[in-house]
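In what comes next, subunit A is part of two complexes: it sits with subunit B in the first one and with subunit C in the second one.
Up next is the complex of A and B:
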């Protein structure tokens, strides 16, 4: 296998993190303007519910990406491929940690008044 | 010549200290919101010094160790330790502290005894309206009157472009956005005179768009409002 795929996988995790960050920001701003904090579903405001959903979907995508990167191990014995695969795993783990950080306060803090 | 150079160095070194006091200093708080923000600032300064010190110590140690043992240290250890573990140890408590402080500063509707004042920014002046004044709403221009020792919710809007409402000694700033009302809660610990400014570039008159803030004791606050011009209900 050519090393093209793991080369693309190196930035993939942070592309997902950027998507999470942008969407959380947008949902927070637009949801507050739309009055989603007044609608309660299952004991939780709609704005918090949507924020949690956006966050969890991105976390799930990052976990799937990480599993995929780890499973690339058996497909090639090429050294360049091996290095790129390790770099992809490292950057995906960092992106996962950053995404956890980005949304960890969603359940606790007041989104809007 | 030498004395002149020493004077210049002393002036440059001590110049940043000029921001520690004065009417627009965030490090000289005069209310609980401003005090909480100032405490957070000091905590962040301490955190950044700790992080900088730790990284510099590690860097120095690496150089000294490299001289003693020419074999290179393990790069993974440095990447993980200096790049992830140290920042996480310092920044995680700061994040938690910042979030808790932010939560305390919010204008939660459940609080009792809050005075409401409406603020309208326009190029280049501040209009203040006191809807709950005894005898009907009153108004003032470029002069904000507050009751000392009581929380005040300022409902801030704009008539034209985006402005920034900011009273540094009383607490955080908030954007004044056309077509939208933002609410900021602050209070002054004691009677006194403070200064407020526009904190967002809003056009040619931006630098002159400041206002006077006067915090009154409970009795004199109502008396002062009665002296202000009436506004439509």
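Up next is the complex of A and C:
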């Protein structure tokens, strides 16, 4: 099976990274203004909880995308599509690593200081 | 008889006759007619030459700075002039040298690399050049009159707000730079459409030369990076001209908004400058190392990664402004991550060198200079990305040193390597003397003396942008050394310029493919003819010239596609973006004065704004629309032609009848840039709401049921009507499609009325930033609706004039796409202005 717009698979992973980045920054800013750092749920401030959720959802999306890219089958003669598939896998892995790296501080750093 | 039998199994004419016929239609005649040139060879050379002149000017300004700082308490330049000079140095180097140099390089080289005859939109390229020239001239004239901007190249508010910069200086920056940016965005659209659509048959995406990938990604970065700055400039100009307080904290604005919008552009800008240079390196280095580059796929991935990551770190320029630590961590992580894809490319280059048999030719020498300087710049960059160190070095000469290691290392050295590598292609000559080597050593030694020492003055605490310093500071010796170094470097650049002139006038003639390269640009004659290739090749690998070293001669003899002239048309081939299968014949417009005229009127608009002649500005705006409509007759057909032969026994339809012509890509790209600007505006509103002092505003926007209903209904009618009008079955009946377009037009008028009604109830925009942003948002939507109205009228005219048929629907499709986008934009604007107060009621 071939996707309709295979070229978009190359940036797709990083689009998800960009969404994660934007949302994390937005949630943090809005949450701190709204006072979410003083509401504690299950031993965690609300801000941190929402941030973690945003982060994990994006990580999950990236993993789904990665599985999709890996599973794409193609005739071995179609070298162009083979290239696109490999490049898509590579950039999705890179985006996954970048998203992990972007968010590692969430569990550790006090949000609203 | 001008039409040859388009059948190249029996080449009908000799190479010379084919050349003459092609040159007769593609060439640009001498004299005044040269001003009408749209050919990419001419336009590209103009860009490059002009950018080089600006580099010289920026360099002279740098020398003035260094002369001033050479000795303590220097009285050489007063603070007023000095401020103008360093501001103009930064502005000229970034906006008038680096970006346009890249544009010119891409416009000149891309079609040749891709095996095409020209760029996808030649007139757009010409228009962009004139905008660049006029915008740059505004800045230079201001400098000559002592009215140049003086707030630093990043124009921080409130220093550049009316209170602190009452003169015209800041307006000059905002208007001149925005004018130049119009040209950058048009170049970006053109580059993307060209790379994706007008390659040689068979050049699938994995067989593209790496340089094309780099230029493609860079163009995308420009498309998304420039709109925030354009928006910021418009807002600041609105504040300065009409007192709308976006950046004024006493009235609900915030200076930090400017910093965000600026760096949202400004950091990617650094990579927009670096990536094309890296592309040059990835092209020159394998040729001189005599082997294919290692890790083609890795490089593509790392370029894409770099493009994205570089957008996520703008706040590292604002580490000291008081942002939560966790947010700093996000931006710091992106700042460090960006080093990884850069390192991947560096390893690919080193690996290629190690695995090949490198020759130390002159371009290679400059590449080695690039390596050493750029790596040092990268290391100090990682130092600065670490927040605590940043706090120490912020705004000292350490930063100036870092930024020049990156910019000069990352752009100027590769550009010099590229100049020596491609000069034989431009001129068909090779240099006789080895002035280039002497120039290299002067530049290299001078550069390092200047800026290595500057790290040290920075660590000694010397702040940037100061007019002078006292002798007690202990900064005298390093500054003197630094200045001596910079003058050494200047002599080196002068030697380079002399070398190029000598080479051009007195160099020895050389054959095609001087370096034994494998990429297509070396299959043209040198210097290249206006049409590049007498016929277009079929591509089967990444190294077409290595496969068939005689390719150039065979193409010149007409042994490829389109090796003929049909009806005096300028033709090149359009392919499917991924596979490189032939899809269409792209018929290009020929030389015309319209781009020049349009640019002059655009300039008139900007100058009128500068001098606050708003009536004239409005007239100019209408005239720009009229001029834009004059572009269109040449890009349509008045009859269906079906498939036409393209040689090699194959055939294709004209782009006007194709499913996916380049213009379709152009509108999508333009809308992407537009959406980015609107999103930045939305970001601005949210940002002020959350962060700015003096909120809530004295008054909220009143709910306007009539206005909202009219707007929504009008948009919905226009959306439906325009889309139905473009459907194949409807297009077949002229009265229907015209009636539907008329309905779309009335829908737009209704929507405009609705927006007007909302504007009437908007609180006074000069009192608070909230009302100002709401007003701008409404006007933004209104402007799009008005353009939608023009599109509807345009569709009716094109339909009447015979440009439309069931297979030639592109005009109506473009209108439908615009109208759909406008509807979405209008809906988003309504949601933001009416919905946000409800949602944000709890916040503040």
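The criterion applied here is as follows: the second predicted complex is superposed on the first by the 103 of 113 C-alpha atoms of A that agree within 3 Å, B and C clash if a C-alpha of one lies under 4 Å from a C-alpha of the other, contacts with A are read in each partner's own complex, and residues count from 1 in each chain.
Following the convention adopted for this analysis, a contact is a pair of C-beta atoms (placed from the backbone, for glycine too) under 8 Å apart; a residue touches a chain by one contact, two chains touch by 3 or more.
Computed from a predicted structure; not experimentally measured.
Chemist: First (subunit B), second (subunit C), both or neither: which does A:101 touch?
Modeler: Touch partners of A:101: subunit B and subunit C.
Chemist: Between subunit B (first) and subunit C (second), which does A:71 come into contact with in this model arrangement: first, second, both, or neither?
Modeler: Touch partners of A:71: none, neither subunit B nor subunit C.
Chemist: Quick one: classify A:113 as touching subunit B (first), subunit C (second), both or neither.
Modeler: both
Chemist: Of subunit B and subunit C, which one contacts the greater number of residues in subunit A?
Modeler: C
Chemist: Now for A:25: first (subunit B), second (subunit C), both, or neither, which partner does it touch?
Modeler: second
Chemist: Now for A:79: first (subunit B), second (subunit C), both, or neither, which partner does it touch?
Modeler: second
Chemist: Residue by residue on subunit A, keep only those touching subunit B in one complex and subunit C in the other, then list them.
Modeler: Residues 33, 94, 101, 105, 109-110, 113 of subunit A touch both subunit B and subunit C.
Chemist: Within the complex, which stretch of subunit B touches subunit A?
Modeler: It comes out as residues 84, 95, 99, 102-103, 106-109, 180, 183.
Chemist: Give every residue of subunit A touching subunit C within the complex, in rising order.
Modeler: Answer in residue numbers: 6-7, 10-11, 14-15, 17-18, 21, 24-26, 28-30, 32-34, 51, 79-80, 83-84, 86-87, 90-91, 94-95, 98, 101-106, 109-113.
Chemist: Which residues of subunit C touch subunit A in the complex?
Modeler: Where subunit C meets subunit A, its residues are 204-207, 297-298, 300-302, 304-305, 307-309, 311-312, 324-327, 329-330, 333-334, 337, 341, 577-580, 686, 690-691, 842-844.
Chemist: Within their complex, state which residues of subunit A touch subunit B.
Modeler: 33, 94, 97, 101, 105, 108-110, 113
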